[in-house]
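See the structures that follow.
Here come two complexes built around chain A, the first alongside chain B, the second alongside chain C.
So, the complex of A and B:
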């Protein structure tokens, strides 16, 4: 039996000083060890949802908080941010703004130092995290001289070193070139598999991540617009209402009448198989 | 860097100075000293430069600076930095001459100034920001202060990059930085400064989020992966520095 690691119950939040809620009536849950994709137009509330998971809302961002958010069975509003920091790794869009130290290894150590780990243990864990992300040879380098993809790996190592259960990524690929973006996506999937992580990922390029997601949640104007398995969601014909563009391979299937009520092919092989079946070639 | 002419000269000069002072990782015996020893070395040279009062003193001071500089393979950088500070030295010379009417004493003051520049820059050229942070921690300065200091240094190159990008973007939209009279030129800076400040604010709020997400402030006593340790070479260096300093100062003060 799987159980929910993150759960939103009738959650609404209005930032202090704002008249309308940034998100409202949010209900969804993410199962342990799965990858959930959060998509939606700009301003639809994706970052707000993520901040509510790691406690920045309401502990850092004041505002009107309604309903409940549970992480690992604990209510976020009743848990200190540093306690959440142990459980939840966080990765932002711009790695530059989450790297603090002058060398890669010291930056990876930053979280552990904050939590008061012994130096010996820090060294061991840092070594492990660097190896996990394939950046051991960068340990002594200065982060400012690394490529964007490498910086993203350093930031990821800095989160994973704290041995989180959950990892939350806010558009981690939007500043990367397509190939590096693909690499980061595969890396996330690998890490989820080897470490048994629960992953919550924000991304609006559906085609980039649909293949690895177990669940897609689409937000529109602060509300959950649709929620379900990737092929169910992609088979919908009203995604443009939520400001999303439909991946070409899906559009093609729709035009060819290859889409049954709730199933689509997401890669070319799968697509060809359906095509052959349908037309009995 | 693509900026090289007109009113951007000030920017260029700032850039050169920053480059000159910037730490560059080299594996020389001086670079590898404990940062506290490098601080002691710099402070000692600083005091010596400050106390020198005649030609012989100055000669000894510069010898004392050149020895560690050559061990650190940094003579050329040091000279370049001194050349850049010549404009300011000329200013000091003139002011002094106006007040004292003595070419000789004005020269001494000016050379003394160069000695001070050279001695203090030794520290920045041989000590990485990382090591500076360790020294600040070793002095038990408040964690927030050390962190703020380290972050501001860490973000200098990032903000420089932002600045270059903003200038390029605004130029491509027709902004001409070096057109018009002085008032107009200052007004020209507005479309550069506003995005720069906004950018910095966005960065700082993201930084604050990232700090929080990585447990900053979780305990009263954060630990450190590495701590400073003096080696035999470091102790030897301390002995040499102190002996040389005692010797020079007693020469300066005519004790011997």
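So, the complex of A and C:
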């Protein structure tokens, strides 16, 4: 039996000075070595949930904390942030919040240096990560002098290089060009498959990540609105209500009445295989 | 008439990077222009030349016929409103209300007119309930929405959007889409840089593809997005409706979802 790596139990959080909770009554768990996609309207609480996993909430953000969040069986509120940081790789929604060294390679190496890795080992790992994100040629550049998408790649490299058990990604592809975004999505799936990484990620564009998710959790106004396997979730007809944009190929199947309660073609190729070949168009 | 024109524009960054090289581009009044391309292609650098935030190292940029050289950002921004890619670089006020008020005051709005404009903007963008909040406590998508609202408030003739859909959910994307359509209807000009090709597609913008600081090619959305080879070389991918049409060997792509629905209904 796999153990749950991240678990929310009756969790609610109200930011200091606010009247209503940003998230409330949250219950869900993410299995070890699986990918969970967190989706939902702007302001529905996605980033708040992520901050509660890596301990920014409650250790940095003050507020009213109720219930429990467990990471690898340990309660987040009782765990020091540095200890959480060792286990959890984190990508902020705004990459500028986490890149600050003078060169890209120093920036990516920063976490490893802190953990006392050998310089040789660091060099190897950093090279690996830079290559993975297609930014080897930026190694000597200053991170502050990059385009926003390049910054996001640096931030991603910095969180992947740490070889974390869990990785928490807040809109990891929002600034990436479409080709790189797709590559990062494949990369994440690869890391899950080969290293057994547990991944929790937030993304608005379902067409990009649904195919690799083991589970989708939809938040709406701070509460869990739906939870399930991607095709079950995408087959639902109330996604707009929760603020979700529906990928065109899914919407097409809905409009044509092709959607069973839990079966839907995720992308164009899948659609062609499932239906169009049968119709012999 | 061209509202903005780039003539042989190159831009060298202080670190020696050639972010734009020899760009020639005319943006016509009343059009929607999309600029796409891979990370680091020079899209943001190009946009920052449109309101004078950056000036060319060589060549010239003309806004409504006059050169940007020697003009201030404030002067140009009245006519060309730029929404930044990174909201945190645009926002600096203590409250959402003040953030919207600031630009308007700068451009001479005052008294009741100022107040009414702020309130109607807050309401239109569904930001009214957030009006007293410090912008730094907003969610990522809320910040972006505020940045768009701030610029829309003073109603510039040219609206320039750098990745406007980042962090935007369904209702906000629908609102943004409607906004762009209505601005075009009023004869305004909209320039959009975006990696969100699904959003761009139904706008059917004239599309400029950038790579390595240059304009690789330009054309109708249809001609660009039906060219797989070009897309691959520029770090792009086909929007789903274009991909579907291509796989079905159709000569022209589905321009909208309705289009695709009708096509299939007639055949199954």
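One rule holds in what follows: the second predicted complex is superposed on the first by the 234 of 281 C-alpha atoms of A that agree within 3 Å, B and C clash if a C-alpha of one lies under 4 Å from a C-alpha of the other, contacts with A are read in each partner's own complex, and residues count from 1 in each chain.
As a working rule, a residue touches a chain if its C-beta (ideal position, glycine included) is under 8 Å from a C-beta of that chain, and two chains touch if they have at least 3 such contacts.
Note that this is a predicted model, so its numbers are computed, not measured.
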| item | value |
| --- | --- |
| Which superposed partner A:247 touches (first chain B, second chain C, both, neither) | second |
| Partner chain(s) touched by A:204 [first = chain B, second = chain C, both, neither] | second |
| Partner chain in contact with A:54 - chain B first, chain C second, else both or neither | first |
| Which superposed partner A:42 touches (first chain B, second chain C, both, neither) | second |
| Chain B versus chain C as contact partner of A:94, first or second or both or neither | both |
| Touching partner for A:182 - first (chain B), second (chain C), both, neither | second |
| Chain B or chain C, by number of chain A residues touched | C |
| First (chain B), second (chain C), both or neither touched by A:263 | neither |
| Contacts of A:115 with chain B and chain C, given as first, second, both or neither | first |
| First, second, both or neither for A:77, with chain B first and chain C second | neither |
| Touching both chain B and chain C, residues of chain A | 94, 96 |
| Residue ranges of chain A in contact with chain B within the complex | 51, 54-56, 59-60, 81-82, 85-86, 88-90, 92, 94, 96-103, 105-106, 109-119, 122-123, 126, 144, 158-159, 162 |
| Chain C-touching residues of chain A, taken from the complex the two chains share | 15, 40-44, 47, 93-94, 96, 141-142, 145-150, 152-153, 170-171, 174-182, 204-205, 207, 239-240, 243-249, 251-252, 255-256, 267-269, 271-272, 276, 279, 281 |
| Residue numbers on chain C that touch chain A, as the complex places them | 13-15, 17, 37-41, 43-44, 85-86, 88, 137-142, 145, 163, 166-173, 195-198, 232, 235-237, 239-241, 243-244, 247-248, 257, 260-261, 264-265, 267-268 |
| Of all residues in chain B, those that touch chain A in their complex | 128-130, 133, 147, 150-151, 154, 157-158, 203, 206-219, 221-227 |
